[in-house]
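Pasting the structures here.
Both complexes shown next keep subunit A, but they swap its partner, so subunit B is in the first and subunit C is in the second.
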Partner chain A sequence: MSDSKRVITRRQVIRTGMAGILATGVAPLVLSRNSWAQDKNFCNNPDSKSSVTLGFNMPLTGAYADEGADEQRAFELAVEHLNGGGDGGMIPTFSSKTLKGNGILGKKVAFVTGDTQTKADAARDSARRMIERDGAVMISGGSSSGVAIAVQGLCQEMGVLFMAALTHSNDTTGKDKKRYGFRHFFNAYQSGIAIAPTLAKAYGKDRVAYHLTADYTWGWTQEESMKNATEALGWKTLTPVRTPVGAGDFSQYITPVLSSGADVLILNHYGFDMVNSLTQAVQFGLRDKQVNGKQFEIVVPLVSDLMAKGAGAAMKGIYGTSNWDWQLQDAGSQAFTKSFGAKYGQPPSQAAHTSYVQTLLYADACERAGTFYPPEVIKSLEDYDFDGLGNGPTTYRGSDHQCFKDVLVVQGKESPANPFDLLEVVDTASKDSVTYDPAIFGGELGPYEPNKCT
Partner chain B sequence: MDILVLPRKDLIVFICFAVVVLAMPIWLTPFGAAYPGLMQKFVIFALFAVGYNILFGLTGYLSFGHAAFLGVGSYTAVWSFKLLTMDVLPALVLAVVLSGIFSLAIGYVSLRRSGIYFSILTLAFAQMCYNLAYSVLTPITNGETSLQLSRLDARVVDAAFGVVRGERLPSPSLFGVELGGHAGFYLCAVVLLVAFFVAQKVFNSPFGMMLKAIKSNQTRMSYTGFNTRPYALAAFVISGMYAGLAGGLLAVTDPLAGAERMQWTASGEVVLMTILGGVGTLIGPVIGAWLIKYLENIFSAFNDAMLHRTFSFLPDGLQDGVVAVASKFVGEGWHLTLGLVFMLVVIFLPGGIMEGARRIRMAFGQRSGSAPQTKPDPVPAE
Partner chain C sequence: MDAILAQLLNGLDKGGAYALIALGLTLVFGTLGVVNFAHGALFMLGAFCAVTIRLLLSMETVTIDPEKLSPWGTPLEVRTPLAQQWFGDWGSVMLDYSVPLAILLAVPIMLILGIVMERGLIKHFYKRPHAEQILVTFGLAIVLQEIVKAFFGPNPIPQPVPTDFRGAADVGAWFGLQAGAVTYPVWRLVYLLFSVGILAAVFAFLRFTTFGMVVRAGMADRETVGILGINIDRRFTIMFGLAAVVAGVAGVMYTPLLPPNYHLGMDFLVLSFVVVVVGGMGSLPGAVAAGFLLGIVQSFASMTEIKSLLPGIDQIIIYLIAVIILLVRPRGLLGRSGVMET
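Entry: the complex of A and B
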């Protein structure tokens, strides 16, 4: 090899290589720097453009795909309403009157979508595409708290607002809270407080609970919150069992429940996982058993219409909590349900509701701030009181970016009047009763000043 | 300095490759892929596939567990950011070393078998690693939630050098230069070029020749008195270290490590990349990696509105029909497209995309005198 005449020396390799790197490497750097040129120093400033792009990042595949599909419908509806299309949905009922149906700050609203696959990696890839390539000024979406926390961290780094949609873990606005992340949805801690009185009334104060928990941040915090809330009632808790997300078959986890001595099964599952585990638990005859001289019961702390639909008859009589229900009678809920139903032929789920509301809240915050500059938008959202978006009077708390509003306690209906009439609101926990001290979860929000777009 | 010398043909390949990689921000623009996030992925997964090909392409050992090493690399790098320093050099070195140790252990056991048994063993080990990361070792890996940096992490080396803890999360840096966006891409690109060069050297070396001999007939090798296992193990460890380096770079460009990076689908992905591009060729796996990452990131983002815009030149009724059909292949249906492409390639171009390229060259009669890079799989003699 080395005695061939065509050998090129190391020096030549280095020389040609350096020339190549200089020629090809530096040129695009110089060129692309200009493409990020900005008047104001923040990411994807839309001031020079006629439209503003929002990025919607949802699970379109995987265990939470149903919720993701419904979120996408809601986002599209919100964009339509912001641009003046349709009947305006909740814009007329919203207490803030800044939205005029002419986009945001006079700019037409465009949107891009992405599939999170319910995986942190894929979700961050997708969010980066929307921020770096498509120029999104706001990212919304969720359906898995693990994903929401991962994307929220990315958005903080990129200096782009993250309006979390469906994420229920305490950590999202607790120990992993971020200055650029906002959550309208309620959390596991509030579920625990809200459902405890109903459980005490229905099932008594002397119960032994068995937890099956989705093995990630949401499951952990919901298990903890439920454990605290039910132990305060006097219930005992057995060692919880963690199950992988998207397990599909839960029979191996359900069989041991019968011999454990527990008389209540708490399913900290969501999406298809909850549909599967609940259906299997009922098929295994858990609800027909008598344990410790009491009827065996199942509790699903977080339920939605979509899951109730999936679980069918198994859902009857099961207690849980919800952020919102389409059968609420206030003007906002009615208006939203009407325009959603007119467009898609079905009532919206709570996932759709929170997605829609978050988009409107972002638009309104920009209008009130008079700019897209994130620190100003953040300040106009912090400690903001509003009404008319379906949950009654609501506060966006500034110290952890969590929304405080009433929490619904729901029960699966015994005899549904129609295919969508699946859950019944049996109790409402007031906003004051579910308000807590932000210090109990720790975490810190971080700075207002945006990082430069890289 | 023979070690830095390449034969002329390989040197041309290397220079062309370098130009293509470094010019990515230019030539990817028309494809809508010229943003840092995706270009980083392109380069990193190319690195992963090049390393994987050293094992699979040269020795023929089909490992179904390489994602485990990718994950080990990522976790190591993030922990290095958390505990030691935000500088990327220690992170990458530790990622390579630790994944090397892991691959040594797994390879030592798995290589006692060959063929399908080897594949199943590696798959089993990788799945074990995944489950450990997912639910057993959650204090180290943070399970499904993924391991992330925190502003209050120890970072003892940084602290010893008097780096003041800022108000925001620090980002990975190389000698003080922050590595977001394009800077991160160029770092990965340079690492890929170095790794590609090393792979070229391996392919040309007597060691590489031994590996090819293992692929063509291992039994005969043993009869001629060679102990093949150390060679195969060395190839396994090298490719495991490549995977660890790729995992480390993933953490450098985006400081987060999740368990799903180690799942068997991720292991399968690199096999697909290699087969799609061309097993045993140097460039093939790189092209395969780019194709799959492109489909995954760009095709999956198409939605109906975009399709309607694309097909807006068609009459209304026809447009709806075309969009209805096309929408099955984009968005969440991108796997379907990937599956079709894979089937077409395997059926019509068993040597991967590189074989397609070679056939086109042959058709134009440009026999450059050099032997084609892809040789058909050797038929066992006798």
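Entry: the complex of A and C
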């Protein structure tokens, strides 16, 4: 009796095995490997779901929190427009006509958000959580190049696309570029090239510059880019001073400027740091000083409306560069400003603009590729030419995943017409003039093939 | 000479803030024997008294002007501050002077808060080890900052310098230097004078009043003062409230120099604790001297010449000094023998 129970037939083995496979859910994997296309096997493949989840990772606290809050508003607006809500924003003006307001590839767009705290480790944790727990198929966000580079590296490891929002360091698409990372925002090198002619015209070619620089990748590359651009004009540069991010009180770094012999202060700061350092520099009377027989001047190479608002009167007359400005008159900018202003009661910042555009570009790339499979989406973004998103004709260069478009030179407005009229576009550097050889920054993009999620 | 004067002024102005917080910290340690890690949060709460006053004065009525459009095409919202509606030109002046006005709010609120904090929580930990006192007060600091974060959000909220105190004074000319060689923001000079004034007032209170004399006696020998029939505990509670007021008004006046956020207190607490350790736990003159000394040292360490020789020295100099003091003279510069030496 007992012996007969021990007999296991071939049929039983097959039946039990198949039941086990089905019960443990391994069947889809086995089938996908053997009989389905390879592009089903990637991280957070949403093919079996009715929605697709995007992960938005912004600094909601820390030195760049204002930019992060505006990025979040833009991401939410982009999702609304992708799902057919609102007035569609830039979708009608976008040169690509693949987006129909029915989500991405027919799937409703959902999103999750995270706070990077403007810290690389917190940002990576947040992005990892969105990928592993929430099933995000794309991560976007930034506002700190240190954060963007850290998250971009993680996304490359996990095989999830990273559509960077506000990150301005040359390294993001230079030595630290990644196959899975794309940047629509301009960079420090382009800022230097764009602003130099304006500075030469306004302040002359015989100047001594003093740099106060945020002590991390973005600050270093902006300092280097501005140094190279201004020294090419004939300016001299004193030993730059590095300041910690989030220092708050910059007074001990500003007092040495008074007796340094410099007649220009270049503030390589962003967000609240820039607001604090510029306000404090003006409080110290730097702009009222005469040095070397010239009026002392302050330059902020990267500036935004949010910072101009924070700095108030201190921003008047200050030159800087911007990726975009809400007062641009092209159809795309007007449409976006109208949508954003109507929803939030304020115009969008450049951080909001790049976040919105990156979300649309990702959605469009999936539509054109006809799949969420990252290598195909990447290929559809590489060397892609588009227009109608607020910056004129733009190219996503395939060799470094950097966007090339016009760069704006702006100045703090002396007599604002309304509380939002803070910056004036005084010059535009053409796309051609800010295009450079990708080899100057080095770096390797890495492979197309996606990794596993974990 | 110009550079040295500018850095010296900067050090004194920073030192003023350190000394004010450290004074309260060491006062509480000297009277109650408690290491109060919530003291930085009191500085932050003072700063948010200024924020609150400004928010109240800035409350506005919103009307829609159907004839005008916003830049994005919706009807224009016209905002009018209530202070201006109610008080006319005085409303504008009150808004402009919201920071000094906030002192009127901060003094009673901080006094009450200090007394409630001491009676409600800290008194239960007098006989516990210092480690437990640190843990409970640190926890209290976190609770207070999270409450502020919940009400005011996580981001810094700038406060204006009153119009009459904006701009920079030609300090170099006062010292016979070339005109315009050393300029210094007027509000920072105001803050320095304010710090010195508050410090002098606290010392005068302790030195020249009967209440202060009893408190000093209690700090030196608590038991004997108690045997004389004096309720020293009640006086120490009031001193805790006074320490909270000092931290609070220091926070109020600091807001135009550094926009406050919920974390402001923690940033200053660490520095102030180092100041107290360097000055000597429980020593009031030590806290003041160390506050100004470390402010000046930190300022000079930020000079370009020094930073180019020792990169990053500005970030660690204060802690480096603390380490040296703890190794060479554990009681601190002016600390009493036997206090925190073991």
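Assume the second predicted complex is superposed on the first by the 415 of 454 C-alpha atoms of A that agree within 3 Å, B and C clash if a C-alpha of one lies under 4 Å from a C-alpha of the other, contacts with A are read in each partner's own complex, and residues count from 1 in each chain.
Throughout what follows, a contact is a pair of C-beta atoms (placed from the backbone, for glycine too) under 8 Å apart; a residue touches a chain by one contact, two chains touch by 3 or more.
All of these numbers come straight from a predicted model, not from anything done at the bench.
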One more residue to check, A:244. First (subunit B), second (subunit C), both or neither?
both
Pick one for A:129: touches subunit B only (first), subunit C only (second), both, or neither.
first
Looking at A:285 after the superposition, I want to know if it touches subunit B, subunit C, both of them or none. Which is it: first, second, both, neither?
second
Which chain, subunit B or subunit C, ends up touching more residues of subunit A in the combined arrangement?
B
With the two structures laid over each other on chain A, which partner does A:114 touch: subunit B (first), subunit C (second), both, or neither?
first
Quick one: is A:444 in contact with subunit B, with subunit C, with both, or with neither? Answer first, second, both or neither.
first
Report for A:258: first if it touches subunit B alone, second if subunit C alone, otherwise both or neither.
second
Quick check for you: in the superposed arrangement, does A:60 touch first (subunit B), second (subunit C), both or neither?
both
Doubly contacted residues of subunit A, that is, touched by subunit B and again by subunit C:
60-61, 65, 242, 244
Residue numbers of subunit A touching subunit B in their complex, please.
1-2, 4, 6-10, 13, 16-17, 20-21, 24-25, 27-29, 31-32, 60-61, 65, 112-115, 119-121, 124-126, 128-129, 132-133, 145-146, 149-150, 153-154, 156-157, 171, 176, 215-217, 242, 244-245, 444, 446-447, 449, 451, 453-454
Over in the complex, which subunit B residues touch subunit A? Could you list them?
1-2, 4-8, 11, 15, 18-19, 22-23, 25-26, 32-38, 41, 134-135, 143-146, 148, 151, 167-169, 171, 178, 180-184, 186, 189, 204, 254, 256, 258, 260-261, 296-298, 300-301, 303, 331-332
Complex contact set, residues of subunit A against subunit C
60-61, 65-66, 238-239, 241-242, 244, 248-249, 251-253, 255-256, 258-260, 272, 275-276, 279-280, 283-285, 288-290, 310, 326-327, 337-338, 340-342, 345, 347, 418, 420-421
Hey, which residues of subunit C end up touching subunit A in the complex?
2-3, 6-7, 9-11, 13-14, 70-74, 77, 154-156, 158, 161, 166-168, 180-185, 187-188, 257-259, 267, 298-299, 302-304, 307-308, 311, 314-315
